[in-house]
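Look for chain A in each of the two complexes below; its partner is chain B in the first and chain C in the second.
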Partner chain A sequence: MSEEEPVRSIVTPTRLEYEFTAAGAHAEFLENVARGRLVGKRCPRCEKVYVPARPNCPRCGIATVESVEVSDRGTITTFCIVRVPSENIDLELPYCAANVLLDGSDMPFITLLQECRVEDVRIGMRVEAVWKPEEEWQPTFENIRHFRPCDEPDIPVEKLGAWV
Partner chain B sequence: MRDVAVVSFAQTPYKRREDKLSEVEMVMSVVTRAIADSGIAKEEIGFTCSGSSDYIAGQAFAFVGAVDALGAWPPICESHVEMDGAWALYEAWVKIQCGAADSALVFAFGRASMGTLLETLTMQLDPYTLAPLGVDAVSLAALQARSLLDQGGVTERHWAEVAVRSRRDAKQNPDAQLAGDFEVEKLLAEPYRVSPLRRHDCPPISDGAAAVVIAAGDVARRASRRPVWIRGIDHRIEPHQPGVRDLTRSSSTSLAGRKAGVNPERLDLAELHAPFTPQEGILCDALGLGDGVRINPSGGPLAANPMMVAGLARIGEATRRIQAGDADRALAHATQGHCLQQNLVCVLEAD
Partner chain C sequence: MSSADSGPTFSAPHVVEYDYRRSVGPVLGRFFTELRERRIVGIRRDNGSVLVPPAEYDPDSGESLSEIVPVGPTGVVASWAWVSKPSAKHPLDRPFAWALIRLDGADTALLHAVDTGRESAMSTGMRVRPRWREATKGEIHDIECFEPEDAS
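For the complex of A and B:
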């Protein structure tokens, strides 16, 4: 018995399944995305527009009511060049994760920037959504494959205000 | 010690599956109502504490998302416990005792319908020896029930009577999920779910949220016509491994009750967080509650058992009855873990 190796580790597989149900404002947002439209929600008090839509304004703590359609073009407010591989991300390295503030929206969200050399990415750069073919649209934000630079002059950093 | 009172309580109607409202929307509805009913301005509330579990939501840091419901700007002083909201209330009470705040908002939420609750609860167990076996909450409660039967003095009929009384009382509670008139004989004719427990011995799975505002002395007196004072509150825990405990007793509840100053002779009612019917008797014995104390007039956790919320809701339901003048003194109890592993006892009283 004393010759046996002590047990140093055990494997106990753990897996839990969830079925997420989008409710309220999230459901409305995804239904619009399935039609190729980006529709956010406006706070009735501070008038900020949130895309993706939020059921409430996190700043004011009140419900958002009015729906507001915004553009699928926007501006990079900050970005990160990823040079480290990750098990669940199948992208060629290096790639750029960027925060994009859509025209008409008041809150940037993180997205993938492609069709652009990472050396060329800049804060203030104008970008546009690249949608999947319409026949593949589903109620998911994955309808937008990625963002890419568009042929517009940069927004000067000082005009991006609090976002940079 | 500072006098601290519960001044308001709000809860959602509890449902098997809430698919119209997200967690943030559920939280917003109860927080907004609790603050409005508290008589205290939102900006004056000195501390906020929540209870929830990311395992229920299936999302890391889901509890941070709930802060969106608060309008936390300018920044607020906020905390969270990965526990039932009753323990969030305890943290808020300590904060007020320390003098760090004069009032606090406490809330809890759970949308268990998105996951497989019984499997999720298994994850609380020791990950080396028990969780890999897949033993679930109902099976463990059945082991506890079996040891009670073996010990004698209690029968399956007693448990069916608890279920019938709970569901009948729940008819008066518009937020309850499971209410109605049932017959003991018919329930006893049902097959076992996990012997010796039948379906009626087990709680429903519920989605919902609740919020409470508590406040110290003068703030509470100014805000509320009938503040409900927390005369004592204490929580105690037993070992994690069910095998080393005497499952027929709840020594942690007895100790928490003693420390909270429970005097059964002076109580009008008790809201007990006993998700399984046999546990109600264990708790009554542990706290010395006799026939003079009405148990779970709200219907209790057998009428709705929103995970992470049901304990806080016991404090809220007891408060509601005192505020309405139906009672002067009440006990509220919350539990966490399997087979009543951890217990909180709170004594509430009108002026």
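For the complex of A and C:
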């Protein structure tokens, strides 16, 4: 045995490569996000609005039809403070990954919260999207760099209903 | 709102990737440390048989195992499947075989690639030897692949 340290860990890579082609609701969502607008889809039966848009309702199992523009402001429904580094994620620690329910949407999505101390993050906190400069917009959700707190009072937790 | 039918087609690569760094513990740690030295080891069970790669516990009794034994480095192909179109992440960039290789002195088989160049050169029972990577790191890829024992 050499004088080198014994092996204590190994890296086991997991990688799946897809070629994703957007159609229908997804394509419409991307066309709109390229223009700085967030447009979701409403289920004709339960009337829930999904953003990012879904071609069908996961609850009712039927196609969504109506397009609905929603706000780029929303409310944190839950969050996680990340204090452990990950390979491939180049963010300063600690940072906050938050689930945000946009005004007008009925489904939160996970996003990055920045421009605030992680100690100050709360369920019910109001946040707004920070967009890239318009000249950099592409048909991708990455047009939104991150979310940040906005100057509005918190939504009481009890009004967030099933999301908390 | 523009219709999706008349709009542009949006298509993009979508990669789901996560590298796990996993602790290997004393037994697999020893296995990888030995690979770094271009040696292959297994572990002896209470019934005398040898597991490669080594396991920390006996698969039947659950008893702790500790007797590390050197094996190979040559062995026998116990079973194999030909890969005619390797993917980017495969160990070789040309057609090769995935094979279960029972190393000399081992009672179980290790999964690894065998480089014969062509499928017709592969056979169950053929003798193989490891081809070591130039700079070893203490991981299974320190063995680039196996090759026929009689290859020059």
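Here is the rule we go by: the second predicted complex is superposed on the first by the 146 of 164 C-alpha atoms of A that agree within 3 Å, B and C clash if a C-alpha of one lies under 4 Å from a C-alpha of the other, contacts with A are read in each partner's own complex, and residues count from 1 in each chain.
FYI, a contact is a pair of C-beta atoms (placed from the backbone, for glycine too) under 8 Å apart; a residue touches a chain by one contact, two chains touch by 3 or more.
Fair warning: this is a prediction, and the values are worked out from it, not measured in the lab.
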Contacts of A:R83 with chain B and chain C, given as first, second, both or neither: neither
Which partner, chain B or chain C, touches more chain A residues: C
Touching partner for A:R117 - first (chain B), second (chain C), both, neither: neither
Chain B versus chain C as contact partner of A:A23, first or second or both or neither: both
First (chain B), second (chain C), both or neither touched by A:T14: both
Touching partner for A:C60 - first (chain B), second (chain C), both, neither: first
Common interface positions of chain A, toward chain B and toward chain C: 10, 12, 14, 16-26
Chain C partner contacts - residues on chain A that touch it in the complex: 1-2, 4, 6-28, 30-32, 39, 67, 86-88, 139-140
Touching residues on chain B, where the partner in the complex is chain A: 17-22, 24-25, 28, 31-32, 42, 55, 58, 67-73, 113-116, 119-120, 123, 127-128, 131-132
Residues on chain A engaged by chain B in the complex (per definition of touch): 10, 12, 14, 16-26, 54-63
Chain A contact footprint on chain C (complex, rising order): 1-2, 4, 7-24, 29-30, 32-34, 36-37, 88-89, 138-139
